[in-house]
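See below for the structure under consideration.
The letters A, B, C and D name the chains in turn, as written, and every chain counts its residues from 1.
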Amino acid sequence: MPEVVFTVEQAKSMRDQRVPGHNRWHPDIPPAVMVKPGDTFRIECKEWTDGQIGNNDSANDVRDVDLDVAHMLSGPIGVEGAEPGDLLIVDILDLGPVPQEVGEHCGQGWGYSGIFAKVNGGGFLTDYFPDAYKAVWDFQGQQCTSRHVPGVRMTGITHPGLFGTAPSPDLLASWNQRERALIATDPDRVPPLALPPLANGVLPGTATGAAAEAIGRDGARTVPARENGGNHDIKNFTRGSRIFYPVHVPGALLSGGDLHFSQGDGEINFCGAIEMGGFIDMHVDLIKGGMEKYAIRNNPVFMPGNVEPRYSEFLTFIGISVDHRDNSNAYMDATLAYRNACLNAIDYLKQWGYTGEQGYLILGTAPIEGRIGGVVDIPNACCSVFLPTAIFDTDIRPNAEGPRRTDRGQVCVTS
Amino acid sequence: MPEVVFTVEQAKSMRDQRVPGHNRWHPDIPPAVMVKPGDTFRIECKEWTDGQIGNNDSANDVRDVDLDVAHMLSGPIGVEGAEPGDLLIVDILDLGPVPQEVGEHCGQGWGYSGIFAKVNGGGFLTDYFPDAYKAVWDFQGQQCTSRHVPGVRMTGITHPGLFGTAPSPDLLASWNQRERALIATDPDRVPPLALPPLANGVLPGTATGAAAEAIGRDGARTVPARENGGNHDIKNFTRGSRIFYPVHVPGALLSGGDLHFSQGDGEINFCGAIEMGGFIDMHVDLIKGGMEKYAIRNNPVFMPGNVEPRYSEFLTFIGISVDHRDNSNAYMDATLAYRNACLNAIDYLKQWGYTGEQGYLILGTAPIEGRIGGVVDIPNACCSVFLPTAIFDTDIRPNAEGPRRTDRGQVCVTS
Amino acid sequence: MPEVVFTVEQAKSMRDQRVPGHNRWHPDIPPAVMVKPGDTFRIECKEWTDGQIGNNDSANDVRDVDLDVAHMLSGPIGVEGAEPGDLLIVDILDLGPVPQEVGEHCGQGWGYSGIFAKVNGGGFLTDYFPDAYKAVWDFQGQQCTSRHVPGVRMTGITHPGLFGTAPSPDLLASWNQRERALIATDPDRVPPLALPPLANGVLPGTATGAAAEAIGRDGARTVPARENGGNHDIKNFTRGSRIFYPVHVPGALLSGGDLHFSQGDGEINFCGAIEMGGFIDMHVDLIKGGMEKYAIRNNPVFMPGNVEPRYSEFLTFIGISVDHRDNSNAYMDATLAYRNACLNAIDYLKQWGYTGEQGYLILGTAPIEGRIGGVVDIPNACCSVFLPTAIFDTDIRPNAEGPRRTDRGQVCVTS
Amino acid sequence: MPEVVFTVEQAKSMRDQRVPGHNRWHPDIPPAVMVKPGDTFRIECKEWTDGQIGNNDSANDVRDVDLDVAHMLSGPIGVEGAEPGDLLIVDILDLGPVPQEVGEHCGQGWGYSGIFAKVNGGGFLTDYFPDAYKAVWDFQGQQCTSRHVPGVRMTGITHPGLFGTAPSPDLLASWNQRERALIATDPDRVPPLALPPLANGVLPGTATGAAAEAIGRDGARTVPARENGGNHDIKNFTRGSRIFYPVHVPGALLSGGDLHFSQGDGEINFCGAIEMGGFIDMHVDLIKGGMEKYAIRNNPVFMPGNVEPRYSEFLTFIGISVDHRDNSNAYMDATLAYRNACLNAIDYLKQWGYTGEQGYLILGTAPIEGRIGGVVDIPNACCSVFLPTAIFDTDIRPNAEGPRRTDRGQVCVTS
């Protein structure tokens, strides 16, 4: 087991850890620890909301969640010798829930996935599922099950939702500029188009005084993916993966968290992954001047590992960029096409007795693949969802007799 | 070898075949042949432009292509007993280029991929590559190489780009209504937002007289994917796949073509797949009333086969929904995110000596996977391109020394 | 389609082809054709018995087969510039049954697998199945089914059972010496321990006179694998594979045949593979002096291709080197351990209604994996058979309720 | 984390644990703990020699090892309600080295593989490598490397070498009968043909007095696989696997250990796997009367998990049942064929600068596949070794230039 360079006690808030983490992106958040190229080490992580969600049968905690404090990140890890223009190589050696512990804190043998209420940001299908829901998942090795989604057992592609390097001041400014411009196009929208910096709820790591204030005032919210990495929600950042991160500040300042036990491509119900606290073991190295050498400027590049679960049979649902509710046609809109593919899959699952909410949560949590089919055949983008059939305890393939509709209860609702 | 129920002589136009095919979707195109549920049969196909592109070193034919005649489809195949509301099961038993022939016609041992000029519709990156280009690929078993893209050898996931059932009159009307409404939002756009029915170039199968005239007037263009299937350009419709098509008219009237030797997810350079004439062996069956039973209403569902090439190492490029040229931010736009992932991959390949056009054609033709990462983390959708490293004759992974830049010539250009 | 350098008319015996093949290994069989390093070409092949087995419902032809004429090989192909000590690189670009033909000759849309009678050599389980049996398989693309083994559909790992280079005179002499020595240890055994040269039935290619006589007198039988390659029966020599053959004579003199549509590891029922006539497309090249450079002296080395069918769920049966009939223990005998693993699998399949003969033929033909577990834990070798569950039309995994025993008829028997 | 029902302190001998384990198979070893069908629990294990081997650079400890005390097993675990004739379902939920610990005891961040001296039992190639050797491996997540085998990094298929249920008195007697009969055929052989019961070194669990004495006198040695499971050394018993064990005594009495971080098929250098102490999480259930229902009488059946590392490129070496030293021919001897395949692979690796001992240890530890090719083509069995190329830091495929021979040091030797 490698040395733990960032420790987390799961029973405490990230604010109360020996060295606190942070929940904004800003170049002035001081490194929590320094490591060297070639080092192997462990980071411990809180679940992304800092522990607001419980192992119970109500979705009230999802409905009432305070998102100003998210995502709670571990770090920053400073890397000696890293300079702007380098590539930071991160090998994910291992990761998982909180080791050797069973308990009430998320990651101690369990995780959850939630559908956010529309007023709280919603998810990918928020127009169809505007309320809050939740499912709790129990971990058994690399597999998990949920009492709220019976009949499903999946092998998780465990991964961090969010890792990234610190932005330079200029890069941060460019983010704030472009996101504020976007918000300005429809400032009162619910849910909003983007989230501007917000002093409320900020945790600036070990920064204090004016630095802490600046972090609250200008620090970028952690929700999206950006040029530093960030909230990729790419399920394939799993054990054995190697990621090449652009370095924008001296020391690189790598931070992350938002660990997922399993997630489908798109993380469609927003906290649709199975969220958990836990640990991640990594090895870091540098390619000096690598950004220019390899023209890796806008986003990280990565190589997936070789221990993802093998599923070989899929039921695949297709969607096109048409809104079938009013038969209106969007132009080459892959987002809409993927939304339709997901809706088609949910409609199918309902024929087997799953509720729409269960279907939605299955797509968010199971290792589904979200593929871009065609994006050039005007006017319709075409996307597809590959659903592995082996996660179900019954044969869900179409056959001449029709589906067997079984009562499977429901996920957690609000009271 | 199963019975050939639709024959094509590659040296002749689709118009001059014993039984001609068609190039519009319309319920009144008469079946070319009737088959029974449970039947196994072969269909032969022309390349999608009806043979306008040659095995040469100039892109002039791509620039000057007449697209009014595309896509040239084989069929319709009527299925006895099929009624609206059924699901038509199609098993793809085998498919490939023109068997046992080497020659000058596309599919006789070779295929091509092209980048269309912007004035001709363009491709996914037409703002970056506005001119016409071409590469010719030689087939060797399931592998292919191109004299225009040296250093690449790929195992094709051979598939039909386009198959579908005939629309009902009502469904056809709804397509025309919504696509005309879309065009009306920006009628002079280049390239256009969608393509309305067009009498010029129409081939109505064996229809004549008033029926032929109606097909030219109202028949839907074959470019996009729609509720009948259509131009999915899903590379995983390969050998061993099973597809469940909605049936909208009596007899189902299945037609198709646009065979691809290999294609990357997205078919990003429009005729970016390696196009070819060839054959497809299939088995059909019915699930009576299957659309309602399984809630498969909007689009086909399919199960991919188990003989796709296994690639286990990928270099993966990420893109987000930001236009990096002017640092403007789009809201959850997976199309833009995927475009950026592709641009990032091309920039990387350029460091190894590939031209941008070669890189673009590699992404269009190689069995890359286009994945939707996150589509809920406002404001940035996050998509990724998985590029199999084994298709390159050199190790293209990042390393400390930097890329080896080799002169690799160029694809075909226009004169 | 590459040039055909060795043609076969399936309706004729190998003896009556334009250029006849051969059925013994001998350095003096003249090349049927010469090719160059870098060439791509096609060879056509007869089924291994030269067409003695029919598409019917009786095993009499298997019982009465004349094996003196087997295996009928296509070739030799001479490779210009190849010299003893080189490695001959053979890329298998494609292979399959007789293309574009349906008919009565094996490979024209069908193949067979047989269990040989003990008096005729028997198979791996001949003490348990001493009589002759047969099953006929119909091909559909890369899949096949048999009216004699209902409930099974498999995707074939199509491959040549037998390819090899010609032995040098010294190498041939060493084979004859060691095999005669083995036979001498038990000369009257039924089945025999090995097969010595045999003039009866010999086909010496285009050799005549004294050369032909020598080939009959000294030519090695084609049954086993030896230092030249030979009858490997390795199912993974499939499309996309690259094989490095030792070269023992000038020109290498590559010959082969014994094509299999599908086969399980071990080819346990002797002609247990699904046998067929057909074609093989290959590309050849040389590594000069490669045998010494790479210490590849005793046997070929190969790299499997990447288009084998993906099966991800297996039921695995284990065997150890004990004869359970009399509870006697053999020392580290992997052959016996594998035999027990096969017997255990057959016993299991019988609980589902398959006859022992059907089970035996399933193991011989399906893409099962035969693995060596432990060969060091005295006294018991431990081997296992991985049976892909997806080839069965019912779920054959153990469950609490017990197996569903269904009448599935029987394979062909003798009359 | 599931409840630990059998605990091990790595710093102590198995004899000194709170509840000691055992090192013989005997029905009278009392259960260390009882569990129920449906239970999930953890067992902790010592490395198989009870800690005789150190993390150092000498093979003296391998040479001097006391094997009378091996294998040290954890258990027995009694399962309530299990009766002879049932099948015990064991799901391997997770397993690995000693969690959260780095230290001097095997499994605390490291493991070893050894080649045993011939006088000490030897390994599969003991005639070629008669002396003792060792390599120490460091664990990093699911990957490992060794300072003694530079240039190799492998992803382990972590698994238990040895698990089994207790034999009934009759079954135990039949083992002793047949193994003594085998030994009697050559009683003075070095290494011996089998190992009879041995009072020296016995650890009888919690048994005392006459029971302990009987266990020493009659208890079966743990070396081979037998009808109860036992030392399978099947590398695919990994995370996610399900095993169906025959039950021979009331309570089933499941015991095991001999955990391997990684191992190649055959475990050819005897303790050729990467040995370690650690833990295993499992879930148990019963199929009442399952042995008869499913005809699972002689050996366990299992289903491999779906998280094994994916390797897609292999260099495959073939061997046949000929002793190339004196050109003598054995009849259908898969053990010899596999030995030759291994020797061929080692010869090949030597051309790249690995010593024979390094090559031997690579084959024993890396996730190589040992396949049975043909076992019916008289007189030569044909086996093959699939070596994944991705475990090497250089491209080891044959090419026209020849291998690059690099000095890679040597494994640990004796002093």
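We adopt the following convention: contacts are C-beta pairs under 8 Å (C-beta built on N, C-alpha and C of every residue); 3 or more make two chains touch, one makes a residue touch a chain.
Predicted model only: the values in this text are computed from it and were never measured.
Going by the stated contact rule, which chains contact chain B and chain C alike?
Touches both chain B and chain C: A, D.
Pick the pair with more C-beta contacts: C-D or B-D?
Between the chain pairs C-D and B-D, C-D carries more contacts.
Approximately how many whole Å separate the CA-defined centres of chain B and chain D?
Whole-Å distance between the two chain centres: 51.
Let me have the rounded angstrom distance from the C-alpha centre of chain C over to the C-alpha centre of chain D, please.
Chain centres of chain C and chain D, defined by C-alpha means, are spaced 32 Å apart.
Chain A: which residues touch two or more other chains?
Where chain A meets two or more other chains at a single residue, that happens at 306, 310-313, 390.
Taking the complex as given, what residues does chain D use to touch chain A?
Residue positions touching the partner: 1-2, 40, 92-94, 99-102, 109, 140-143, 155, 239-240, 281, 283, 305-311, 390.
Quick one: in the complex, what on chain A touches chain B?
Touching chain B: residues 87, 89, 121, 123-124, 174, 177-179, 181-182, 191-195, 223-227, 231-236, 244, 265-270, 272, 287-288, 290, 293-304, 306, 312-320, 322, 324, 327-335, 338, 340-341, 344, 347-348, 350-351, 369-384, 386, 397-400, 402-403 of chain A.
Can you tell me which positions in chain B touch chain D when the two form their complex?
Within the complex, chain B touches chain D at residues 310-313, 390, 395.
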